[in-house]
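Two complexes come next, and they have one chain in common, chain A, joined by chain B in the first and chain C in the second.
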Partner chain A sequence: MSAGSATEVGATTAAAPATAATAATTARFDPYASATDVPRRRFLHHLNPLATVLGPLPAMVLLLFTRSIPQPLAFLALAVLLLLVGAAVAPRRALGLAVAGIAMVALLTASFGFWADPRHAAGTTVLLWIGDYRLLEGSLLTGLATALRLTAVVALTLIGGLTSSGVDLVRALVQHARLPYRIGYTALAAFRFVPRFRYELDVIRAAHRVRGMTGGRGPIAAVRRQFSYVIPLLAGAIRHAERVAHAMDSRAFGAFRTRTERHRIPFRARDVVFIALFWLATAAILLLL
Partner chain B sequence: MTSTTPPTDSSSSARPAAGGDSAPAPAPAAGPASTSPHAARRSRGRVTTVYLLTCAVIGVAGGILLIPANWVSTVLFATAPFASAVLGGLWILPAVVALRLLQRPGAGLLVGLISGLVIVPFSGYGFTSVLTNLFWAFFPEVAFLIVGYRFWTLAQHYAGAVLVGVAYPLFAWASFDLDSFPLGLQIAFVALNIASGVAATAIGLAIAAGLRRAGVARAAARRPRPRVDAGDAAAA
Partner chain C sequence: MTTPPHSTPSVDASAASTRSTASPVAAAATETPLPLEVRGLRIRHEDRPRWTPDGVDLEVRLGEVVLLLGPSGSGKSTLASALNGLTPQSIPADMQGTVRVAGIGTDHESVGRLSAHVAMVFQDPDAQIVTGTVLDEVCFGPENLLVPAEEVLERAEAALRRVGLWERRDENPDRLSGGGRQRLAIAAALALRAPLIVLDEPTANLDPAGIDEVYAALAELVATGDHALVLIEHNLDAAMQLVDRVLVLDGLGRVAASGPAREVLTERAEELHDLGVWLPESTLAALRLRAAGIHLDPLPLTPADLTRALDAIELPEPRTRVAERERESISAAAEGRANGTAADTVAPPASDLALDVRGLALSRGGVPVLHDVDLALGRGRFLALVGENGAGKTSLLQAIAGVIRAPKGRIRVAGLDPATTDARRLADRIGFVFQNPEHQFIRGTVADELAHGLELRRVDPDEIATRVEAMLARVDLGELRDVHPFLLSGGQKRRLSVGTALITGAEVLALDEPTFGQDRARAAELLDILDDLVAGGTTVIAVTHDLQLVADHASDTAVLAGGRVLAAGETGRILAGDELERAGLRRPPLATALGGLTRHPAWRGLTRMADLP
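Take a look at the complex of A and B:
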């Protein structure tokens, strides 16, 4: 698999005594980190991840069926407002997201307006003539509606995505949504496998190099080399997974119907309130706009 | 997830096999929570930890592949919406590898779930990625699901690819606003999706074949015959 992306995913390695792995993956991103040091007024971080996912869910589904411009705009404003007030996002990241969002609306408006069938927008003002091609105002408005709709959906997902981790979501699913804990803990173990791939890739590269399997120079050889890593990488990773599974089995993982949790993800009254308010706002936007 | 997940029962092989230390009776001393009614369920649809973690690691590999693919696809979608269909097949690739390699019920969906969870911090779509990946992983799986996982043929893999090639445009009709496009482009979009899915399936099958040759995942793969659980046989 792609080598470049694995480098970005440095995390604390598994308890395996592989010192090379520990050296290769410095803890830049810890998927198990909890957001306990976030100030209280950034309330989104202190909600159950299920609430930040379930709250915006109806809005996201309903947005797919809207064709108007005001409704996605209202949902976009709601999401941005909630994120500004309730999410602790570093200023640079917030700026990046804002720029990306505006660029996304502009780009999608242009491209969807460009590709749209002009017959649907017949009778509206012609904005642009390029040879045989005519860009109509109606096409551009259709594009804008699509762009706002998709951007609003992304903004709504960020309410959960920026304020809680996948690990906490899995924990919440196990504790409150009856996800079988063996599945849940499989997912938790999966987060640990990410840095493991980096380590395996380094080993395979070294092994290939020491045997002189460079396959020549140039971009084609480079691509072929990348593909030659796929099978050994996956095979090594699967063997690692089998070892981990045997280790877990030997410690009686899954011996009981229920298990105790080290990290509780409580589902409190505030979570219910958040979901209820969000659903009310969704209904209000749909009915009023 | 379907019948594949009897939630918490331990497999008898998973129990500390040393015996002797706590079980005075020769009967398979089931854990305090799992009593005899569960024994039948356990032997029918048992999910071993090895199976779960093998799926997890394939899911993670798929996730690592999908992190860059996700961004390329987003950029393509924003500039030339139809070109993003070319990459669509990548989303079924991990599920195809897992289903072909393991030939076990639920492998595709489990891999989809894991790959979705892995890319959540990187995708920019938050937890929607989980739903997206589950959606894509469902189709490679469904061709086996409808026959009750009784047989595993190559044709079923390709049928799943064609199915997702048709289903995704229908599902994404709204988000792409396909109504507003000329008919020719709509047909091209579906055709591209199918081609992409079939190509990804072919790649996935090749990867699975390579892994089989390497001799991995024997522990998690389907046995030729349903395995007789020694513990349950002794109890009967």
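Take a look at the complex of A and C:
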């Protein structure tokens, strides 16, 4: 991780290789990534993260109970439209998400369709005969409905997920939702553990391989192998967590009930408007479709 | 020497006197309290029988730098953790005596609120970074202290500029080098605006460039005279330039010495050495010379001191050793293209080679890490792989030991190609010791851990028992045979991991940073074992940052930079050349001191403690 020897103040050139290497790893998921220079018309990024979570929330709850096809389809369309207009997503990533979404619908439709109890779809057209098994049109439609519901829920969470950082969501929760900052910021600090543990697990695997744990074959040996990684990983994790906790204590974490917030995450009129419009749209879809 | 001009107590006194002019009557009462005042401090952890530290008194004034010294187990880190109340508030322990920071007893205020008066910098840079950007990290402390937002930014800018990270304020701290992250930790401490800063082994996890970075930042900080520093540090060669006073604890945690650094270290050097306290290499060299009848007065503390002292006196001719060492030297064909640095010695027949690497190139995760590496090593030698972080040392070592896959036909180690040999057969010939020995432990007791490799190979149970017994004795863990490996001390874990790597009869032992983050007593213990192994015919290959260790123990050295072997060959020759500097490393202290001699040219090429009379 630390390749460059940046002795000088701005020795960015010396540190460039390290930067390139870590950039690749952090690109996957960076809870700290901040959306500072997103163009204004990508409005979702300029809303309070609470608004992008609260707006779609009733729709998500509703989707848990709906059984029809048009409703989830409408919510899915709404979410996709909002994301297309209001979210700054790199074209490659957008394409990836679209492909993943379509694949998800297809896969879930097929599997739910095959597993669905045919009695619920009795009387509909038989699409496929395999021996005793009959795939009914009704089953497939039930599968499609379920697939659309799940995909729509995912798309609705992406409205908040793609447009605000974890840090900002925590800040907004602390500032507007009375979440104790000790809980919010501890959760954020815990994000830093993930890459460290991933690296540590790789090293432990390699170490056990060197010791000759590769020997056994089959599922029991595999389970035993996984289990043998747990103790060293946990021992390291507990020690690390303890050190981080001491370092945070030593820097006044939890000294007072509140803390200075340098980054205000304002809750403005536009946030209220967004939530209200979203709820209206939700009600309209519920009533009309 | 190095006592900074500001470090006199008068700084404090004058600060108090400026105030007293305003209200002379109240002067005595309102005198600024000391940044740190410790009285009769004794600490005992819940499960320990002894008090360590045991009865410490310490006063630190503004502008002073106090170094805590003592053998491992003397309670230095415990003492440091008591200075901001972590012990006993977060780390449960019995505590007697008082600790006052800026006049406030650590038993009267929580750790968090005390941080306005005492800031901490810990050993592991990764374990003290909690936010996502350099700027947020420095703001974290003041924000928790409810400092107004504008002042938070003001403090953060001042602190980041002081350690040279202001330009990188928007970056994720992960992108900084180890030295950079530790400077960030110092900036985070500065932003608390606490008069006292406690640093517990701030450079133990850093490479030489990182250590220099941190000490450069600390030197600037000390020069302002605004802070009092309490420092725990094993690398005295780097620290001596800053330190005013030392407090030495003995093995029982009692104060063995306390006073001005130069006075204590020079006048009581032998006594401290016997206590197990690590002294600067230059002082150790002078002690060795004294035993040989060459007296240096006063005792040198830095390489520059040693150079000056030796140039001032007559010296006998050093023992000639170059000739006999040259004869057994290996061929190490370094990357010869640049300037024909290929080793001048003739390569021994291939069968005598423990290691033969030719034209090895390697990528990890799509990033090339090694280019065209050639390296050869005879049996029964000790090869050190040195280089900056990211130079490819560990990748090379792991490729040699088969931990990561290398291309076929490029490496022969102990007669095998790790790319085409299965893990178990390879482990018969080459043992690998990871940086953190815990990672390698699989079984529930020390004895089972040693038996594991033999059981996998279906060795006869009686034979296993005999060999485990012998290995327990060899790594000195006989009494701990039924203990869980994770319950051993750091040094014991390391010895066990070496034992497990060797028990299958490996003739080559590869070690990744065997002394990283350890104190010198444990390091010395391990090096004794390695020296014994080498004397017994085992070939040792170790990645290390400790160049004095290289000078004293390694027969051969390969310098890596940017994934290439910059130079390889007999250690004395490498240390005398300029390749270390070209690879971004520093020469070890003894070589630096002796290399600067003007009056004794015959001494100039010496690098090992053992070369001295």
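Operating definition for what follows: the second predicted complex is superposed on the first by the 229 of 289 C-alpha atoms of A that agree within 3 Å, B and C clash if a C-alpha of one lies under 4 Å from a C-alpha of the other, contacts with A are read in each partner's own complex, and residues count from 1 in each chain.
To be clear about the criterion, a contact is a pair of C-beta atoms (placed from the backbone, for glycine too) under 8 Å apart; a residue touches a chain by one contact, two chains touch by 3 or more.
The shown structure was predicted, so the numbers you read here are calculated from the model rather than taken from an experiment.
Looking at the shared chain after the overlay, A:V38 reaches neither chain B nor chain C. In the superposition on chain A, contact of A:V203 is made with chain C only, not with chain B. Using the contact criterion defined above for the overlaid structures, shared-chain residue A:S228 touches chain C, although it does not reach chain B. When the shared chain is aligned, chain B and chain C each come close enough to touch A:M248. Applying the stated contact rule after C-alpha superposition, one finds that A:R211 touches chain C and leaves chain B untouched.
Look at A:A94: by the touch rule set out above, it reaches neither chain B nor chain C. Looking at the shared chain after the overlay, A:I69 reaches neither chain B nor chain C. In the superposition on chain A, A:L54 contacts neither chain B nor chain C. Contacts of A:L141 after superposition: neither chain B nor chain C is touched.
The interface of chain A with chain B overlaps its interface with chain C at residues 1-2, 4-6, 8-9, 31, 189, 231-232, 235, 240, 244-246, 248-250, 252-256, 258-259. Those residues of chain A whose C-beta lies close enough to touch chain C in the complex are 1-10, 12, 15, 17-19, 21-24, 26, 30-34, 167, 185, 188-189, 192, 195-196, 200, 203-204, 206-215, 228, 231-232, 235-236, 240, 243-256, 258-262. Touching chain A in their complex are the following residues of chain C: 81, 84, 86, 90-91, 110-113, 115-116, 119-120, 122, 124, 126-133, 136, 139-149, 152-153, 164-168, 171-172, 174-181, 188, 192, 207, 209-210, 212-213, 216, 365, 367, 388-390, 398, 401-404, 423-424, 427, 432, 434, 436, 438-442, 452-453, 456, 486, 500, 584.
The residues of chain B lying in touch with chain A in their complex are 1, 5, 7-11, 13-16, 31-34, 47-50, 52-61, 63-65, 67-68, 78-82, 97, 110, 113-114, 117-118, 120-122, 124-128, 174-177, 179-182, 185, 207, 210-211, 214, 216-217, 219-220.
Interface of chain A with chain B (complex): residues 1-2, 4-6, 8-9, 29, 31, 49, 53, 60, 64-65, 67, 104, 107-108, 111-112, 115-117, 120, 139, 142, 145-146, 149-150, 153-154, 157-162, 165-166, 169-170, 180-183, 186-187, 189-191, 193-194, 197, 230-235, 237-242, 244-246, 248-250, 252-259.
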